Amino acid sequence: MRRIWAILVALSVLMFFFYRIMPTLPEFGNVEMFRKSTFDIIHKSTKGPYDAREFKKSKNLEEGSANVVTSIVVNYRSFDTLGEVTVLFISAFGAGLMLGSLRSNRRITFDEHNVLITASGVALPLIFLLGSYVFIHGHLSPGGGFPGGTILALGILLLALARNDFQVAGTKYVEQISGAGYVVVGLAGLAISGAFLANFLPTGTLGELFSAGVVPFVYALIGFKVGAELAGLISDLREGGA
Amino acid sequence: MITLLIAVPLALAFATIPLRKLARLILPVVVLANLVILFALKPHVGKIIELGSWPAVYGITLFFDEVAFYFLSFVNMMFLVISLITRDERFSIPLLVMNAALNGLILTADFFNSFVFLEIIAITSYIISTDKDNALGSFKYLIFGGVASIFYLIGAVFMYVQGGTLNMAYSSYIIGMSNPELMKTALVLFAITLLVELKVLPFGLWVPDVYGNGSALTPVVLGSVVSTATVYLFSRLSLTFVDEHLPPVFYYTVLASIVLSQLGALYQKNLGRTLAFASMASMSTVVASLLTRQESVVSTALFYLFTDALAKFVLFTVYGNLGVANFRNAKTTGIAFTFSSLSLVGVPIFAGFWGKYYLLKALFEQENYVLAIVVLVSTLIELAYVTKWNIEQWFAKKETTKGEIENIDLPFVQKLFVLLSALILLVIGLFPQLLLDKTNLLAEKLFDFQLYRDIFFGKGGM
Amino acid sequence: MQNILLVAIIGSVAGYLLSLFYRRLGPIILLLISLYAFAMLWEIPSNTAENFLGYDVLYLTTLGKYFALLSLIVFSAYAIFNIVWIETLKTPHAFNALSILTLAGTLGVFFTTNLVVLYIFWELTVFASLFIVPMSKSEAKRAAVWYVTITAIGSFAFLFATFLLYSKFYTFDLVEISRNLSQLPKPTIWLVVCSMLTAGIAKSGVFPLHVWLRNVHGKAPDTFSAVLSGQLVKMGSYLIALLLSIFPVTTLFPHFYGGVNILSYILIWLGNVSILVGTLMAIKQNDMKMLIAFSTVANSGYILIGLALLDQVGFAGGLFHVFNHAIAATMIFLSFAAVVYRTGTTKIDELGGLIHRMPVTFITYLVGIISLAGIPPTSGFISKWMIFQSLVSRGMFVTEIFVFVGSIGSFLYVFRPLAGVFLGQLKSKYKDVREVPIIMQIPMILLVLVTVFFGVFPGQVLEFIVGAQKEFGIDAFQYEGTKLITSMGYWDTWIVFVMFAVGFLIAAVLYLITPKGKKIPLEDQYTSGEFLHNFDLYHYASRFYAFLEREYGDHPSLENLYASLVNALKSLGKGIDYLVSRTASAYVFWLGVILLLLWKGW
Amino acid sequence: MLYDLSEMFREALSVPYYYLPLFLVSVGIYGIVSQRNLFKQLVSLGLIDTGVNILIISLGYIQGMEAPIYSAVTPIAKFVDPLPQALVLTAIVIGVGVLGLGATLLIKIHERYGTLELDELKFSKEHQRWQEIMDDEGDVGV
């Protein structure tokens, strides 16, 4: 009976979307970009007239990251990302808070295995390297702070799986510095360029490593923050909280 | 500069992660600073703030006008009081984050950004509502809130797909010009999510479990501050951008919600749950009034909202800290409780009376008899149980083993603020025009999409 | 008027603060305020408009002045009585403050014709008195909830009508509204007038909204019952009188029977039922305060009938009955308060023979019930006589039967406390009971004098009544000195008083010269070989009217009906609570239902 | 009614590529309503999030266009709409936050009640509520 009701509810949600929302959406794969604000964002000409941009050639654009998604995430809509970071932060914090108030000691331990211990020693630097690469090159290639940070946290997870005596310490300080750093970058934009989260560094050439103004810095901060938060979350879930 | 309202609490929340004791001390200072900034910026109302100095269509903008100003001052003042009376340092950082998010929610003029802030508020609410070991209630809230919030997300993306930008003013203007029916569809999507926070049955089914668990902080934060901010967003979306009524299904649901939640309150044997149901009923009344889309009714709905939030603050603070106590030995607290509960019902010379008075007057002027009768009937039910609980708390024999009346009372700071709020209710009750002038202004501005648009198109920077 | 109200409101704060130092100061302040208000009010001519806090809302009608002065008499007596009685209370300061606030509210009601201001003061009165009710007994908590809920049914109906009228005429002023009322369509007029009258009906304890009276009067603090029955219930009568006379009821509603319009006819029938219910239920009560509570229901019925007749004699009779019942009920409840003060119980079958110990209290009660039952030398007779006259002249025989039965019935029930409490053998546990202190005797004696005086010289009261009648365009009642004239004859109160005085003297002489009966203590019982343990059972106060009660023992009860209604509502609430206690799955289910509704009904 | 349904399906069929994400959403809804285990409900919530994210991404797709990154392969702009992708990035993180918090709540619930099965929870929960009402004793009954 319960399942029948569930099917009916799921169907009514489906019907609602099919009947009310879908008919108003454009055909799949047939979006008119000219009617979108992103058209100007892609060509990085939101403040000036339309101009075609080219990889490794266009210089000193209003926004310098080659990855347009990154330029939206960390520049045009950086405020959203600040909120996003906050979401992750507050839920990790909440998890720590709740796990810390558990009555029983529920530290999780595994059977240590030599293969894993040895392999983790080899893999860990590589994982960290990959993670750092991903968030440093966030403005050039797919990736960025969030995936990079997650990869860093995966390294910590590997250590936690491998060694029972491994404990994460100091994630809070990383979080503290990187989180506050993000807001400070934003406030610096307010102080220098007159708008919160504004870019106040030169944007360089499209596609170079040293380009895109504050974007790499912000992505690095996010990377560390996300890494620290997820590592903290892993540690909290394992240790039973702080 | 108004961005500081969001940036400062956030920065300090990040900066005090390892130092919870410090966060506890910083919280009231930050909120006070917010208020100072806010009042310093009062001359600059009617401006937009383009974040990252990107033009409004492309980036995220904040919109600071009278409506936002008054809502922000109310929310921050309530927050100041909450931060001063909360001695629990566990929740200082969530409260800091929530403060930033509430300010952001009120200021933002971007659909997706408001979704982000809504989610931050929701997550902090989930955390705060676990107070007093209420994980199960909080989990229900999380699942239901999570399911409902997808509608807001889809609504935001829907606005982008139809209007080409996420800016509220631009996309509403574009869609309103080409196909107003689409605005209504988007509004339905937004409303489904917002009604969860607005505690309208059946979307508000989570409320009694979360509010009624005896925690002092949860209902105060969720009931007075979060609800107010959500009402702001809801009225902004439904009144400013859309010219049409929501589908009548919503209106009838809300009407039913008013009466049913009052009946739920009548049935309860637990004061906390009674108050939870009562706050569902009053919030439903506010939403019902907003749905009428008439300026005079909306103005009184806001009046009702503010006085109700204040009254609920007192009631929940007293209940959360004392439980069901005998007021014989806690007279000041008791008087504050009684004043606020009478104001809640709408007994003359308290603020709540004028809320209901103006509401009924406006409704009758609009010949909206159905809502008027629903409000009267629900007030009657409310009166019965509020009287019951008041009498219970003044005249019950709560005796200890020695045969004396229990001698418990609120600590000084809480007592002070509780009494202060009750007195504010009394003062507003004596001089309702003080508040009514403001709400009239707010209602006028809420309906003025022309003005809202002009501020954007004229690019009033700050 | 503004000064009076402000003095009363500030006085309530002062009463609270001063009571903290010395609890007897509170009643003294109440007394002073009442006397001040009485003196001030006496000087104010009727039909004066005044500002209140800058709003042009106060307007004194003759009717309002009449009711206000009456209230002040009741409150003065109550205040004097309280000076000593207050020591029995646990929370004297709140009691004092709320009493004064009740006075302020009730005066405000009488001082205005602005509907919203009237409502505000009305609610002020209700909520001030609400918190007094549970002060002495914890059982009164439930009664208080009933009190406020049923009163609120009336007052919210009133508020509804107020706003409905506002939406039509854009004014809250009753005088102005009444001028234009006939422009409204018929159904609206019915709705408005009935809703507004509901407030009066609920407050004055007329059937079918009388259910709160029993427990509230019965369980309120003893002296406050006097105010409740003598004064607060009269607020309802005031509202009915004001509305019926200020609205052109006779032209708005078609004539129905005996020259009475349809609305009045319905009200008269409500009055009839009230008289019947009040009388029958009063006979059953063993608690003396509850007994008088039901007699209040019956008397409100009389008042309603008198007012609804809306003519020269009947309306005047109704208004006069307001006065009589207010004074009589105050006397009776004060004498009960005196009894309770000394003995601690209100159960009739636990008492007996107190005439020997508390003669002043007995006399007060006796005069009170004589007035209540309408026996000539007191003023109570005059008003009932006037109502009878009007009914007879219209040929409304059925109503006459009810009124007559009510009068007979009132003899039956007022006799029960008289016999059970004061007459008969004194129970041994009360043999040390003394008369109450002199300060408590003063108001009782004063009220006795008042009721006898106005029974003989009703001129001053009639002056107000005639003033009120003239004000609203009803033919004025005719009287010359002590001679009351109706179309069917006249009644000279002075002659009647002299006749009764002579009769009383003869009876007294006979009583003195004839041999006295032998006094036998209650314990002097004879049984055939059995030991008696509980002599109380042999006092005739126990199961006094068992033979009558048997006749209508299992009557239908409105109280139960309302209680089951509330239970039905609560079970709906329980359903909501059930939904709430489900899991998130169920919540999502309801979300699906709403979406389904949206899909169809966009 | 029948006509409505067929009409509706025809309209729905005109946008075939939005099928999959919406199907995922409704599977998630089905899971939340039908499952008796709280963890499964949480997983269903994750499913809904995924479904919505796919829907948003697919709303930005343009036939024949490339990923929105200036690179050696696509030196000039020939991109799909990048904004939905950016939004989804945010939405994913928010989803992760909610799921993480939910999982933590489940640990708390498990610690308190010893189970995550609703059928088993029911007894202990009602017992607890009964206890609360007893603690309150605040009923005078209207």
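Letters A, B, C and D mark the chains in the order given here, with residues in each chain numbered from 1 onward.
As a convention for this text, contacts are C-beta pairs under 8 Å (C-beta built on N, C-alpha and C of every residue); 3 or more make two chains touch, one makes a residue touch a chain.
In UniProt terms, the chains line up like this: A = Cation:proton antiporter; B = Na+/H+ antiporter subunit D; C = Oxidoreductase.
Not measured: the values here are computed from a predicted model.
The pair with more inter-chain C-beta contacts, choosing from A-D and A-C, is A-D. The chain with its CA mean position farthest from that of subunit C is A. If each chain is reduced to the average of its C-alpha atoms, the one that sits nearest the average of all protein C-alpha atoms is B. Subunit D has its Cα centroid 20 Å from the Cα centroid of subunit A.
Between subunit A and subunit C, the centres computed from C-alpha atoms are 75 Å apart. Computed from the mean C-alpha positions, the centre of subunit B lies at a distance of 44 Å from the centre of subunit C. Chain centres here are Cα means. That of subunit B falls 26 Å from that of subunit D. Counting partners per residue, subunit A has 5-6, 9-10, 13, 15, 19-20, 25-26, 31, 36-37, 41, 77, 80, 83-84, 87, 90-91, 94, 98, 101 as the residues that reach two or more other chains.
In subunit C, the residues that touch at least two other chains are 141, 145, 149, 566, 581, 583-585, 588-589, 591-593, 595, 598, 602. The set of subunit D residues touching two or more other chains comprises 25, 29, 32-34, 41, 59, 83, 87, 90, 94, 97-98, 101, 105, 108, 140-142. Taken as a graph of touching chains, this assembly is complete, with every chain in contact with every other.
Those residues of subunit C that touch subunit D in the complex are listed here as 141-142, 145-146, 149, 566, 581, 583-585, 588-589, 592. Of all the residues in subunit A, the ones that touch subunit B in their complex are 20-21, 24-26, 31, 35-37, 40-41, 46-47, 75-80, 82-84, 86-87, 89-91, 93-94, 97-98, 101, 172-173, 175-176, 179-180, 182-184, 186-187, 189-190, 193-199. Residue ranges on subunit B touching subunit A, taken from their complex, read 3, 7, 10-11, 13-18, 49-55, 57-60, 90, 93-94, 97, 100-101, 104, 112-113, 116-117, 119-120, 123-124, 126-127, 130, 135, 154, 158, 160-162, 164-166, 182, 185, 188-189. Those residues of subunit B that touch subunit C in the shared complex are 139-140, 142-144, 147-148, 188, 192, 201-203, 205-209, 247-249, 253, 260-261, 263-268, 273, 277, 328, 342, 347-349, 353, 357, 360-361, 363-365, 367, 372-373, 376-377, 379-381, 383-384, 387-388, 390-392, 394-397.
Put simply, subunit D touches subunit A in their complex at residues 8-9, 11-12, 14-18, 22-23, 25-27, 29-31, 33-34, 36, 58-63, 67-72, 74-77, 79, 81-83, 85-87, 89-90, 92-94, 96-98, 100-101, 103-105, 107-108, 111.
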